[in-house]
């Protein structure tokens, strides 16, 4: 275990100034910053690194810790978002408690934003280093918290993503509670005809999945059910499942997978929608399955309600869905005339490109139109201004198919509030990090997959479901989770009056009011605490201490900001 | 490398250390599995570490991946194996046994990163990290941003070894010769080449043409060095200082028949004997070596050298039955009946092609180069003619011309329809031939054979001009109209090309034969369409080099070994 | 660290350390990484602005802006306009015509106020009062809450300032009234309350006309 620094021990602060190649050194003077750092109180060691985060940089830091008995380490480099773990681990490996590390960002906060102002940037970097050193003086050692994980999962949503996730987890020996608000499992795929490019029957496929889930000894299915309450934290969530609005049951799970899917945008009577001669894509799927297309001249209008000012995003999969259906129509009736009116074609991937080619070869006509001049419906005809031909074309149509985008499900706001996970501007669930954590939420132990996250194809939904379960399994299989020890705690039980303000403010229900020998007192659940600090900033008794962001540390930093 | 982890059954191998491999490693390790992360380069990081920024958040790629690199470097459940390739995956008891070949870094842990080596390194390969836009040094950290950022010497397969059809570790044996460790050098050669003394004389050594040193001054004399160590051993052996190595124990029951004692057949016998098989070579000619003996003149390849090399192979336990042609009396099927489990056909290409010009069959005074050389090589040294014209531009043409000169022919010339640049014969052979007095007419081809009294008197030829590139990558010669001229000759030696002589095959042999009379095989396994029958060398490719035939022999032997094991 | 961690006393610490302006950046409403921390911060910042204006400082010196971590452009805009605004206001105190010592005293009083239980309680309960109502089920409108704040802040601030001034020297209610710029009758009411709480007492020194108070 890492060495804890005795409170009485003299402060020995080491400051490392990173050049980040030219990312920092190209825009400010790291030497001047380093020299300045050397003049700050209790700083006994200063070094510049070409790349502090590189293996050699880390080694330099570790050697300095050992050789100079440093007990606080300040690295002036980049962002804690990516590199705090690196330097904390470096400290730990060198025998120093990782929480004696303080990160100062002189790249994002200085060099990158003040290009061409080297002098000012250098000055600011010095200010930031001074603030970092000031805070470092008050840093305290902390030990990580390890909590148990209940080897069970709650999967919300019984479509292809949810079913895949449930099966994947159950097959790993995890107990799964699958909640579906509709009467039947299967979701959107129940309404789809065939899946491309594999050309398999969607209903058969989903029926097999449903059968496997329903027959699985480790999966408990709750249909006509919703999640109504949630308490707890990663490894120990207690969810209340309400069936038919009456039967309530509490389940204890370690992780939650959100697979609530998406819906098809319903625009009402645009383009003369009547459900007969003007139908939606899903209705087309149903007709094709029943073999009753009832039309010789089919016109599909894409991007209806998509990529418009109120809905800027591209739904990605509708292009392929309509091309698939166009091919199916042509295969059944080569005489049928199919026109696809599009704004842009989204046919990503090798298979999809091949399908587009196949559609073109089989005689499906593609006509490009622009947002400014949308197609116009006339009696039995669609008039469209072709952008490529530069003129208007009239097309006979017995059947017009409106291709609308996928939109988020009803009720996502409630779920988002309940689970305390965010939605994006289009009401899709928002992942923790667009690049590095695409299936996680910022809240540990909750994952997202499938179209709840973003319009996705069936194969992408399955990929994401498998990915999310793999992410979840890292905790479920290990049955343990390590939580950052940045949590609030009661500084002094005697100060607490048991008013309950903190408990009512805590967004994570991480504070409980408990009866003790000294009366009602607040009790913090460290694993559940996310460290927002709201309680600490609100307690009028100053009885709560926000670890690693203590009043002393923050005030020292604020004072240092203006003492240069 | 062999490594058993403590965690039986809970081990995962990830091949590829890019961001996908890294993420998978982290998640699996977190779940408690022991993860082996394998990458062929000296460090993990992949393409993402090469990038500047990534979409859609426009973050610096390095910042996003370096934290991951750090995490995998610290995780107790992750073992990173870099500079290594997956060699074999074998299924065992519900799991896999993985064989990994790890290349050495060639820089040990004493390295403190002073980079003095980089400053002095003379080898400057393209910097793959920078997409080959600039050069780096052979000793380097591939990229200090990758993990592990260790100095290493990247040794690609040297170009000579890469070029050599049998991939002899040339750099190693040349280095050993430089250190005077001749026996070890020869052992290195014999790992891939059973005929070092022969190749040391007649190999077309593409390795030397590729040698980087050639750009500086002259290529390393790789072939001559090979000849030297081989000859050195022969000398010691003659003096009784080196014994023949003993035949390896016959560990395999299966017997293999090899048809033809040329370089391909000898190689198959050599390889199979070393693997413990009983191999028997059936040779139609009274001498071993195939074209080596019958085609190549003695001045280029002394017979005692061939004998010594063949003896070496015989001593490994390979039986060679000379004057034992496969034919009506002993068919390939008979070989199987005799108990051979596999047959290799390496009969070479010994039938000369005809010129296909008028008069070819009308007059006496024609001698195909193969027939001619074979006659001479078997001891007939009579002077074949006075004025000899050889037609063709390959090594056989040169050999025929030079042999004719040696037999006392007064005037020997070569007629070749393309220019010297396109001539397939070894350039040094051409040069030597010209120096010896052979006249070479380039861009000329026969159109008609002239004769009197049933005897050849000469040829009517035409001048040619080179046109477009043909399928072989050479320019097609086109006759120039009205440019005909006569050449006097009493002996014409066509040396245009050869094809395998498949007349030995019995009715209903069932083997697929191409329109060039060569055997059709699966190029990967050297297997013919009949199970158990393999073919290689000139019998498959048409006339080619010794070293190509040896390469084919290796492939066939590997394949036969696999076939017999299954 | 969430903006919810921003304690008004820390904001005042910055002003006490001679900051001319303080900028609080928070996640957009409804997008808080910590669910509701930004809304808590909003209440605290608004209250602190109120306090600043009561002590005679430009409340514009304290700015709170909403933005997501992906909105670099917005951040630049916000910071630039904040910086321009502060430049216009001039250095802290000078822009308001308050002397250094006076400023220090007023800010200290303000910090004490923000540390006090009354305001901390009310500001933290603000959201709950608005949504669920108080202990008696009374739901407050934003306007009512604002008025409630006004009263509490005024009272608390006056109390703290009286206390700080009396700590330095005993003063009469009239003198205090002139210093703090509040009617003598209200000062007296405060003094009476404070006496009850045992914070002040009547000094034996008498200027002849009105009693002189001192801190206990």
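Each chain carries a letter (A, B and C) given by its place in the written order, and its residues are counted from 1.
We adopt the following convention: a residue touches a chain if its C-beta (ideal position, glycine included) is under 8 Å from a C-beta of that chain, and two chains touch if they have at least 3 such contacts.
Note that the coordinates shown come from a computational prediction; the quantities given were computed from them, not determined experimentally.
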Result of counting contacting C-beta pairs for A-C and A-B, higher pair | A-C
Chain with the smallest distance from its CA centroid to the overall CA centroid?
-> A
Distance-wise, how many Å sit between the C-alpha centres of subunit B and subunit C, to the nearest whole number?
-> 89
Just how far, in Å, is the C-alpha centre of subunit B from the one of subunit A?
-> 56
Per the C-alpha means, the centres of subunit A and subunit C lie apart by a whole-Å value of 38
Quick one: which residues in subunit A touch 2 or more of the other chains?
-> none
Hunt down the residues of subunit B that sit against at least two other chains at once, touch-wise.
-> 57
Would you tell me which residues of subunit C are touching subunit A in their complex?
-> 1-2, 4-7, 9-10, 13-14, 17-19, 31, 33-37, 40, 44, 76, 115-118, 120-121, 123-125, 128
Interface with subunit B, subunit A side, in the complex: residues 23, 51, 53-56, 58, 78-79, 82-83, 85-86, 89, 93, 433-436, 470-471, 473-478
For subunit A, which residues count as touching subunit C in their complex?
-> 113, 420, 422, 442, 499, 501, 504-505, 507-508, 530-534, 536-542, 546, 549, 551, 554-555, 558-559, 561-563
The subunit B residues in contact with subunit A across the complex are 27-28, 30-32, 54, 56-57, 59-60, 63-64, 66-68, 70-71, 73-74, 113, 144-145, 147-149
